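First chain written, first letter: the chains are A, B, C and D, and each begins at residue 1.
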Amino acid sequence: MPTLTYLQAISAALRDELRSDDRVLLMGEDIGVFGGAFKVTDGFIEEFGPDRVMDTPLAESGIIGTAIGAAVVGMRPVCEMQFADFISCGFDQLVNVAGKMHYRQGLAVPLVVRLPSGGGFSGGPFHSQNPEAWFMHSPGIKVVAPSTAADAKGLLHSAIHDPNPVCFMEHKHLYRRVRDEVPSGVFETPFTARVARPGSDLVVIAYGAMVPVALEAVSDGLDGASVEVLDLRSLVPLDEEAILDSVERCSKVVIVDEANQMCAAGAQVAALIAEKGFESLDGPVVRVATPDVPIPFSPPLEQAVLPGVDRVREACRELLAY
Amino acid sequence: MPTLTYLQAISAALRDELRSDDRVLLMGEDIGVFGGAFKVTDGFIEEFGPDRVMDTPLAESGIIGTAIGAAVVGMRPVCEMQFADFISCGFDQLVNVAGKMHYRQGLAVPLVVRLPSGGGFSGGPFHSQNPEAWFMHSPGIKVVAPSTAADAKGLLHSAIHDPNPVCFMEHKHLYRRVRDEVPSGVFETPFTARVARPGSDLVVIAYGAMVPVALEAVSDGLDGASVEVLDLRSLVPLDEEAILDSVERCSKVVIVDEANQMCAAGAQVAALIAEKGFESLDGPVVRVATPDVPIPFSPPLEQAVLPGVDRVREACRELLAY
Amino acid sequence: MATHTAEPAAAGAAAVEHLTLEDRVWLLRAMLLMRGLEERAMTLYRQGKVPGSFYDGYGQEAVSAGAAFAMGPRDRLCILHRDLAAHLIRGVTPTRILAQYMGRAMGITGGRDGNVHFGDRRLGCVGMVSMLPDMTLVATGMAMAFKLRGEQRCAMTWFGDGSTSRGDFHEAMNWAGVQKLPVVFILENNQYAYSTPLDKQFAVDPVERAAAYGFVGVTVDGNDVEAMFEAARAARERALAGDGPTLIEAVTMRMHGHAAHDDMKYVPKEQVEEWRKRDPIERQEKRLRDLGEDVDGLRASVKAEIDAAAEEALAAPMPDPSTAIDGVFCAGEAEPLGDGQAPWSGFFGGEA
Amino acid sequence: MATHTAEPAAAGAAAVEHLTLEDRVWLLRAMLLMRGLEERAMTLYRQGKVPGSFYDGYGQEAVSAGAAFAMGPRDRLCILHRDLAAHLIRGVTPTRILAQYMGRAMGITGGRDGNVHFGDRRLGCVGMVSMLPDMTLVATGMAMAFKLRGEQRCAMTWFGDGSTSRGDFHEAMNWAGVQKLPVVFILENNQYAYSTPLDKQFAVDPVERAAAYGFVGVTVDGNDVEAMFEAARAARERALAGDGPTLIEAVTMRMHGHAAHDDMKYVPKEQVEEWRKRDPIERQEKRLRDLGEDVDGLRASVKAEIDAAAEEALAAPMPDPSTAIDGVFCAGEAEPLGDGQAPWSGFFGGEA
């Protein structure tokens, strides 16, 4: 099996889809001639031409809205936001037109929006956001957030095959840092959670870039405690069964979320556990997340707000001692 | 003290502010000549003129964006969204320009956005939303949601006096249904929670239109249990102290939220309690909310999804028996 | 890049060239059905049988009837809230429309969405959302797919004068202009956006913008159904020939309030009286009477159809509350949009 | 409603009428400072001292220098990412700018935001956000407040050719046109938006839209700082006279990549070579040399100023991590924007 970076895995998924399904169409700013701000579609325009790797005007509502139109007449558009943050400019089309279409009209909108998200590299308040919770709170939109290269590829295939709008949260910090074995060709990864590391004393629940942080945090220094790491992978649908199963086995939970803490994905997971996993709990449902602050630019400030290995380890230690 | 409806209280607050502070400026679609879709500003244009009760173009981003501009040069704009749902079209200006301005630039944006929200009257998928959680998840924006006429007035005064952007969630279903004594003149209600009904066996935590639902649900039929109702009033800031205090006294919690359940305000409250109130809990943190579905139009469908008195009572009963 | 400034609408004569007598009766029939159905729905609303609010297009029937009539079966439409005749022309039955207003299970959205927020996907239509004018982008995207696939089809959508103030209008017009897409934009200038008059929405008539986006803009008498048809027909021809989008400004008047609750006090009485003389139905009736058509017979048959539809819709059940949370997501394959009925181009299809 | 189509920029002669020799040196000085500071920042970036990304306005210095120079102290500005000279003219010191790039505590945003995402509120500026062109609405709103209060002031903002494709551009232009607001929009047409050339952004030059929004649009040689000044001065005069907004299209060229990582392979070499001959700094230098000014002395003093600034900024501390979550909300009174330095109108103020 070839070893790919997270970014290469995303590129490979897109390339495989373009090759195997001529309904697939990539749309975005600077994705064609330039190959994308992060070079995810580097070289694509040469192979697939400007009609299938479309350089759009600078207009996010336009990108999402026209993609919806293309989707309902049979295309499979995959839109790139140059940074996830810019989805705020296409928000209305996504939540109101795409998200509600099937429920209201029985009309499917097979649309993928790729959202390069997350902080950790001095991107500042407008290039570091993790906006997934906005879409979790908007009915009719699926949301996935891979943490490995293999899942990035498989989930992207599944997202493109899915007849519904899917927000594909690709964490920029993982692009070149994560590298693992990825099956070649088209395969689907289900929208379910995955035990990234089994354990029985405590479970750390995370997704996206917080999975490697969690894995590093629990890899040692916890005095031999058996700590599980559950990688959610999919936020909508949320794999409640897997979450509750981990909680039942481990009884202690730390939820790690890079997003601002209020009403984040982590809040939803905590609420779920407090309601349906209450009887398994042997301690408070602990959260580690970014405080409610725009992500600052300067490294010392940014590092002070983003959840890191130390904070996660500290939270685990305290809870294990509870 | 005069008795006013919720709607009259909002009107009165706006009128008092326009009279007492010439920096105050109302902006919105059809708020002038027509007096607003819900007649909140009926007659205002006659008293204050079209410059201070401004009929704007049909452009929500324009409304929020120009209001930000006016705010930073010393005005106190109060924007009306014709329905809260349309804030999706002004989303970017609110979360990115207004919400992050003070943190980034030290520049205050004294701006109020009035959001007539909520369902219950066959408004359908685009006139029934409760979008507050989107803004709770966006740093730098305060969010308040009154349930009584007195609080509607006091919180609106506080919101207008506040140097920060404030989303004022006014629930349409309460406009003419809620009526109570309201002090005259300008007064401020703090952005804190309020015990709407004291109790000691269980606390129902709610805000906005769910407060009267909760009060009705617990008013009888619970076999004499002493049930508290906590009206959050403010979602950002969230009155953690009051919440944890109620939980400590009551040990059992039902959280009622009219919004779609995923990543809703109720999820945040539940997560808070599961982390910081865990030791007080004597049962699961139960949530009653709208499932993750657009709000349907037809009455039997709408009633099936919105939380009502019966569902709340049932949830309390079950939890009391736990 | 050829840009054109607005020019006067094609005269009636040009329209007649492309319309048979039967077509011209069809146009009248669609308008009569629209008006009759909306009047009936208003009555049902007053009787408490139509939940929520109620919007109509009284006096504007020619805009949707004329424009939709020029479309082919495989064209795709996003029909707006004052454009009921377009649905009728595509083949939506009166019964399902009244059921839709009443939130019945057999309404086009099955009670999930209300009033005119619908589109019958089996007839090539994508239902509008409230947020105006979001559908301009959806129509643009459909046209983009047609062009990418080299198909001889076009997309059409409507929107109001007020809607031109929103960013999505611009993003759609600009996108369509840059990519020279086969899309027809119908700007329904009915003098008001809710209570807001034109001079609060724009300083210059937005049809002037078409040239600045690189395509044709034309102004048409929106109360002349045949002129509307002709402008749309020509626009479609341009679209299919690869000559890009057209912005058609249909000048008309909203003769009723914005919605049922709106008494329209903000509109000068004389303005309404003036426009009443230009009623689009009377105009088309006169044309056909002059040609010896039995307009009274047509009226009677339309009335009978509406009566029957109302009876059937009133007897239809409300949706089952246990289904309220079904179908948020599509579980199977994405079903494509179907083709619509298109009387002028000779295609009758769609639902039974 | 008087509408004007684009007309050629005012000639150099008209500019000179309103500029003293001292002013003309000021303009050169601002451009030299901008270029020198950006070059220094680029060096610091390569040395790993500037975190994140780095954007500059090499070759476009005349656009911001000329336009900002025409503004008065009480005017308000939203300055964009290729417009550093405007900050300098308002009175932001080189030291604070370099500190800003490096994320130091003494940078204008204290390390909260990066690179050119700033505005010094004490100097009458509102810092830009990334989302382009959101600031067009903020500037429009400031102008709206000035008009409502009857103040003789205007607002100015910049944006790029690509930015004109977004809805907010339209909402701002339309709003400003309807309300005839004292706002000056500077469309910085530098041929590319990141890698995207003009023909993917619009079918017709957007300056043509001004007329369709009901106000004046002019095209100016964006590499002639005095022509830029003159167009902005005339626009400001119009604004203050109650004659509404102006859209000034400054035609220029982005001579560097979009950001530090961009090698600009997508730009034909000849295009860059062609534009290099029109360098705005060389042009202004030649004018002043011809008038006998000591341009070399000026260059030397600018360089010395930058050297000193770099030294000071490099010695300045990073922000204290314990303050990272402070100030999300304003806790006290909202402090108003202060006035800016405005050399041309004779006002020097702002920070020490």
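Just so it is clear, a contact is a pair of C-beta atoms (placed from the backbone, for glycine too) under 8 Å apart; a residue touches a chain by one contact, two chains touch by 3 or more.
Values in this document were obtained by computation on a predicted structure and should not be read as measured data.
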Set of chains whose contacts include both chain B and chain A: C, D
Separation of mean Cα positions, chain D and chain B [Å, integer]: 40
Separation of mean Cα positions, chain C and chain B [Å, integer]: 37
Distance between chain centroids, defined by C-alpha means - chain C, chain D (Å): 45
Residue numbers of chain C (touch at least two other chains): 109-110, 112-113, 117, 129-131, 165-168, 171, 174-175, 178, 200-202, 328
Chain A: positions in contact with at least two other chains: 56-57, 59, 61-62, 85, 88-89, 92, 96, 100, 103-104, 125-126, 139-140, 292-294, 296
Overall pattern in which the protein chains touch one another (line/ring/star/complete/other): complete
Chain D to chain C touching residues, read off their complex: 1, 3, 164-171, 174-175, 177-178, 180, 199-204, 206, 208-209, 211-215
Chain C-touching residues of chain A, taken from the complex the two chains share: 25, 51, 56-57, 59, 61-62, 64-75, 92-93, 96-97, 100-110, 139-140, 142, 163-164
Chain A-touching residues of chain D, taken from the complex the two chains share: 51-53, 103-104, 107, 109, 111-115, 117, 129-132, 162-163, 165-168, 193-196, 200-202, 262, 266, 318-325, 328
Complex contacts: residues of chain C adjacent to chain A: 76, 108-110, 112-113, 117-119, 121, 126-127, 129-131, 134-146, 148, 155, 167-168, 171-172, 174-175, 178, 327-330, 332-337
Of chain B, residues touching chain A in the complex: 85, 88-89, 91-92, 95-96, 99-100, 103-104, 125-126, 133-134, 136-140, 236, 238, 259-260, 262-268, 270-271, 273-276, 278-279, 281, 283-287, 292-294, 296
